[in-house]
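First the structure, which I've put down as structure tokens, then a few questions once you've had a look.
We call the chains A, B, C, D and E, going by the order they appear; numbering starts again at 1 in every chain.
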Amino acid sequence: MRSVAPVLTVLAVIVGLWYLAVAPMNIRVALNQAERAGAEIVPEGAVQRRQTSVWRLMAQNTAFVSEGYALERPRLPTPVQVGEELWKTTGKMVMRGRAWSKRSLIYHGWITLQSTLWGFFLGTAVGIIGAVAIVYSRVADMSLMPWAIISQTVPIVALAPMIIVLTSQIGVEGRGLPKAIISAYLCFFPVLVGMVKGLRSPGPSQLDLLKTYNATGLQTFLKLRLPASVPYLFTSLKVGIAAALVGTIVGELPTGAISGLGARILIGDQFGAPLAIWSALFAAAILAGVLVTLLDVAQRVTLRRMGMAT
Amino acid sequence: MMWLAGALVFWACAWAGNVALANSPWSERLGVRLAVPLLFGVTLLVLWEGLVRAFGVSPVILPPPSAVAQTFANSTDILWQDFQQTVLKGALRGYVIGALAAFCTAILIDRSVFLTRGLLPIGNFVAALPIVGIAPILVNWFGFDWQSKAAVVVVMVFFPILVNTVQGLGQSDAMSRDLMRTYAASYPQTLLKLRLPAALPFIFNGLKIATTLALIGAIVAEYFGSPTRGMGFRISTGVGSLSIDLVWAEIAVAAIVGTAFYGVVSWLEARFTFWHPSQRQ
Amino acid sequence: ADDVTLQLKWVTQAQFAGYYVALDQGFYEAEDLNVTIKPGGPDIAPTQVLAGGGADVTVEWMPAALAAREKGLPMVNIAQPFKSSGMMLTCRKDAGVSSVEDFKGKTLGVWFFGNEFPFLSWMSQLEIPTDGSAEGVEVLKQGFNVDPLVNGQAACISTMTYNEYWQVIDAGLTPEELVTFKYEDQGVATLEDGLYVLEENLADPAFEDKMVRFVRASMKGWKWAEENPEDAAMIVLDYDETGAQTEGHQTRMMGEIAKLTSGSNGALDTGDYERTVSSLLAGGSDPVITKEPEGAWTHAITDKALN
Amino acid sequence: MNTIISANNLDLTFQTNDGPVHALKGVNLDIDQGDFVSFIGPSGCGKTTFLRVMADLEQPTGGTITVNGVSPREARLNRAYGYVFQAAGLYPWRTIGGNIRLPLEIMGYDKAAQAERVEKTLELVDLAGFEKKFPWQLSGGMQQRASIARALAFDADILLMDEPFGALDEIVRDHLNEQLLNLWDRTGKTIGFVTHSIPEAVYLSTKIVVMSPRPGRITDVIESPLPKERPLDIRDTPEFLEVAHRVREGLRAGHSYD
Amino acid sequence: MNTIISANNLDLTFQTNDGPVHALKGVNLDIDQGDFVSFIGPSGCGKTTFLRVMADLEQPTGGTITVNGVSPREARLNRAYGYVFQAAGLYPWRTIGGNIRLPLEIMGYDKAAQAERVEKTLELVDLAGFEKKFPWQLSGGMQQRASIARALAFDADILLMDEPFGALDEIVRDHLNEQLLNLWDRTGKTIGFVTHSIPEAVYLSTKIVVMSPRPGRITDVIESPLPKERPLDIRDTPEFLEVAHRVREGLRAGHSYD
């Protein structure tokens, strides 16, 4: 709670800087627009102006600086513009009962969320199973671990089209599965690394203790390794779900997804609608925030229940 | 079916070999530690080759590794050109700029407890965002060439490195800091002789995470516009013109480069943090 | 009913109105077909989807189809609803481009992903290298939007008469500020938006029959769309899952599309085919295709469908 | 008296990167039923290793050892001993009760028996009422008592303790020593106890085994002349000081600094 | 004799979430030039806090204290003391030599002087030849000696040591105690020394300060009657035992269990 004030202050500074940046970023567009509308601009002509610095342009055309804050296709929108667009595509649509309209970010967010969750479950499952294999088998440890690292250096976007074709060849339709696979691909790694650490976290004396009880391997796993790994699990789940979201959005770019936040970014780009890009970006940020916060709460509750609250 | 059977037999043998190696008394030797994962990788390739051939998968969908290797050997000039464009110009420059910027920011905000407290949660949050989404915006701002790719990379690597560095700078224990106080050491002295060295393991952690991000960022950004070279360009056009073998060659380059990049940073880490318990076992 | 999956070349828009109309108006149903339309997108290669069995029939440009054929994927054109090409290069006058001679030393935006072939063969016919040398042009892989032109990052960009050109106009540039070079006018037009299937499938009479019915219904859809452009645009909007298309833009697009399809009854014009092939072969040192393709088209389907 | 543990010419050599380490060399020792045996010696002299060999946590490379007349492995499978480690090592996700219940669950006691034994042992170590608390809610001394309770919960004849009080301050330690003697007295268990502290060893034991490193070996075995009844004040008596002196001499003889 | 440290009615209260903690209350103490003063008392009685106040690492909330006649802050800026913490706290990225050189670098000694002092202090603590080793390559006792060397390398009159040997085994501890006395004898420094161990306090000190918690205060100050010359055997003499007994009594009086 001590950090509420500092965080708010830093946020205020960021928003302030953002506002200041809007003027220079948008001045050229604003001037071009004004000139087309018949206003007098110095220097004349977009080509001439390209040689002039934005600061000069702002100084010479002070009257038009403010126009940069109300452009329809700004290079950099103002926070208020983004907020309005977000509201228009979410809250307002809900109030009109059109939350599930294809124009609503709630609908697109839901599509992205679905893939993210599928990817997250798939990735977490693979990560945990891999970690168990690595902890219990020397061969798996030696052969799997380096390849897990290498796998993360493969540009997954490159595989996306092939994943689509392959999944459709084995009879799975729709873009959901390929997206989920990509998102699982990015998600499994942090979970694997965290779980290996967690399952190995019991010290030799804790393991020896169970040996003195003549405990079986399964008992050791259930009573020691698993509970000991819970804090690590949650920490890596938080990283994992963020990675899964990144994966879904990255997956939505090259899979030519037609719905989802990544698709909104793509379409905003294709149709030259910067506000659509920005609002989708912020929606993704909010989604990430919500997901991570949920896991954080789950972590606190679980750890408190387990008596391991920190 | 011959291919399938052969691949499966090879798989079984290689697995048995690996089990034997891993449980042998020499399993700690460097040679074995390299051989086991290598054999595993070779097994994957053999399985791939066998499955593709056995099921007659069309080369425009999934070419066998042998075809990829051939294309790789035949297209080294293209691959080299793309490597220069995407890795040397886009990813590496962005990585260096982003890392330096994050590092300097960390040292600046570190002096203020207030800023640190305010920026850390925000930094942590931003580091978890799908920042690749800004690629179209940055391509619009910085143009088509490597500058926009570097810009995407800068933004992507900035926050993980910042967060790790700030956390690292807070790592020195109270006792070590008190020790510096008893010497009446100045701020720069404390920073240089205590907090930076103590932060190094964390800084390197951030740098390692950033290596893979840098490559992904530079490649994805090329999807939104690029000159007619670059790994992302080649991959996306390759898929469109059914040169899937070339696509896989580029993927191989990316994996090799990414692994090498990661390896170099890990090596530097081992050199600079040799004293840390995690480097000592 | 027989299942047919159609893979589009691009996102749901009026460019593909005929198929959506046929679906919406029940023309397919009337032919006892159960048609699924898969929209495309920036990274969907229809050729690859066809190869992977993800679709029975696909909308594709002929250069890409012929290139794929040379790569060993035997695609066959079974119908050609688009008579003329909508492709053009749109340039800014203030960037100093007013004729083909002015290209040298300029930066041109081009679509890749299988769409670069018409441009490349045009440039090689003009004998302009595309390597960025002083004598040649600098080529940009243009993204999905028209920003490079609006921002002045490129002197010209590729546009379709029915889509990107209007986005340039919407972005605030006026037609007076622009110069356009239509591929049709330059004599380098290649066939766009034909229907392609795999050669081996055609050998199956049942499949052939399905395609006959499909082409018949699709052409009915196209003609309906030409006559009722506004209604067709609304139908397309109904099927748009992105929620990003606007009525104004789609209606305008439908109007332009109608100009391109109006000259075709669906059958491939062999003259157009020859022109496309010779244009692609005339690539100088680096032609798009290296030898005269064989069996790349058939009239078998349209003959049965349209008579 | 009954010999419970008997080591004959025991050797244990670890193979390490810097060559072999002789952790135990020619160790002979008999421990009788009901003995309280302390092992004392400088760091690295093999005290822990010896205890671990008895517990079948380490395999000797030479010689023989029997526990309860059988091999350590069989003794372990018979659950013949309870082991207490240096740090309390309670599982933080289990309550004190849950920690004490752990061995009972693993050994398959039924629920009723578990509850009964937990209650009984908690009382034994003076922790009744703390069953539902988590380890971190207890002081270090209480945690250590809980870890002893955990080793007592099932009926093992032998209690092996490896520096159980090493991490505690002297005053708490005194107090726990007193309680441990008490417990030993009441239960009649055989106890093997590793310590670094001379007064602790002398105060607790009936038999003090002095060890010396490189190679790890036994240099002296001192039978304590002290009575079974030992108030804390006994530590200021001449008998006590004499034994302590002898231990110190033994230690110093075998000790090389660093 | 010269009074080096003088505390007058010193108070220190920490404000915590659970209300104020009175770590020091009404503490009065004078330490003379060349004294070896031990602070002993149960956990939480304020030993560390008192030492930290002298070192200007903690600010008293009441009363006054002077070090060398000036405020602790000025004394710190004058580099009047060397501080040795419980854990050796050597920087793992520096060699032993580099660690000892650390304060010298910070205080701006020139290279030649640095080398000379490092060599001299390494000899003083019996670590010559280990200059190039890294801390983790040394045993705990050697690390602790290196950390003492680090505090001795620059010429501070006062040495403040907070349980410097707490983590070491008794035998190594004995040895270091002997060496510390030796060093004190040779250098004539004033030493403030925190410990938990009664024998250690009695063996080392000219003055033993017994403290008691809640609130932290001084309950007894015992001037040692032992001679300056102290072989290890002195610990078995009646004088020694008497002082030890008095300390133990003082301690027990102020101690509440758990």
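Assume a contact is a pair of C-beta atoms (placed from the backbone, for glycine too) under 8 Å apart; a residue touches a chain by one contact, two chains touch by 3 or more.
Worth saying up front: this structure is predicted, and the values here are computed from it rather than measured.
Colleague: Moving only from a chain to one it touches, give the least number of moves from chain B to chain D.
Modeller: 2
Colleague: Please check whether dropping chain E from consideration leaves the other chains as one piece, and if not, give the groups.
Modeller: No chain E: one piece.
Colleague: What rotation angle takes the CA atoms of chain D onto those of chain E? Round to the nearest 5 degrees.
Modeller: Here the rotation carrying chain D onto chain E measures out at 175 degrees.
Colleague: Determine, using the mean of C-alpha atoms as each chain's centre, which chain is farthest from chain D.
Modeller: The most distant chain relative to chain D turns out to be C.
Colleague: Have a look and report which chain pair racks up the highest count of C-beta pairs in contact.
Modeller: A-B
Colleague: Of all chains present, which has the mean Cα position farthest from that of chain E?
Modeller: Of all the other chains, the one whose centre lies farthest from chain E is C.
Colleague: Could you put a whole-Å number on the gap between the CA centroids of chain C and chain E?
Modeller: Centre-to-centre distance between chain C and chain E: 86 Å.
Colleague: From the mean C-alpha coordinate of chain A to that of chain E, what's the distance rounded to whole Å?
Modeller: Centre-to-centre distance between chain A and chain E: 53 Å.
Colleague: I'd like the Å distance between the centres of chain A and chain B, where a centre is the mean of that chain's Cα atoms.
Modeller: The computed centroid separation for chain A versus chain B comes out at 18 Å.
Colleague: Taking the mean of the CA coordinates per chain, how far is chain D from chain E in Å?
Modeller: 33
Colleague: Residues of chain B touching 2+ other chains?
Modeller: Only 61, 136, 140, 223-224, 236, 239, 244 qualify.
Colleague: By the touch rule stated above, which residues of chain A touch at least two different other chains?
Modeller: Correct list: 161, 165-166, 169, 253-254, 266, 268-269.
Colleague: Which chains are in touch, pair by pair?
Modeller: Chain-chain contacts present: A-B, A-C, A-D, B-C, B-E, D-E.
Colleague: Which chain B residues qualify as touching chain A in the complex?
Modeller: Residues of chain B touching chain A: 15, 18-19, 22-23, 27, 32-33, 36-37, 39-41, 44, 61-62, 114-115, 117-122, 125, 128-134, 136-137, 140-141, 211-212, 215-216, 219-220, 223-224, 231-232, 235-236, 239, 244, 247, 250-251, 254-255, 257-259, 261-262.
Colleague: Touching chain D in the complex: which residues of chain E?
Modeller: Within the complex, chain E contacts chain D at residues 42-43, 139-142, 169-172, 175, 196-198, 236, 241, 245, 251-252, 255, 257-258.
Colleague: Using the touch definition up top, name the residues of chain B that touch chain E in the complex.
Modeller: By the definition above, chain B touches chain E via 173, 175-176, 178-185, 189, 193-194, 197, 200, 273, 275-277, 280.
Colleague: With touch defined as at the start, can you tell me which chain A residues reach chain D in the complex?
Modeller: Touching chain D: residues 203, 205-206, 208-215, 219, 223-224, 227-228, 230, 306-308 of chain A.
Colleague: Which residues of chain E touch chain B in the complex?
Modeller: Chain E reaches chain B through residues 52, 55-57, 76-77, 79, 81-83, 85, 87, 89, 91-93, 102-103, 105-107, 134, 136.
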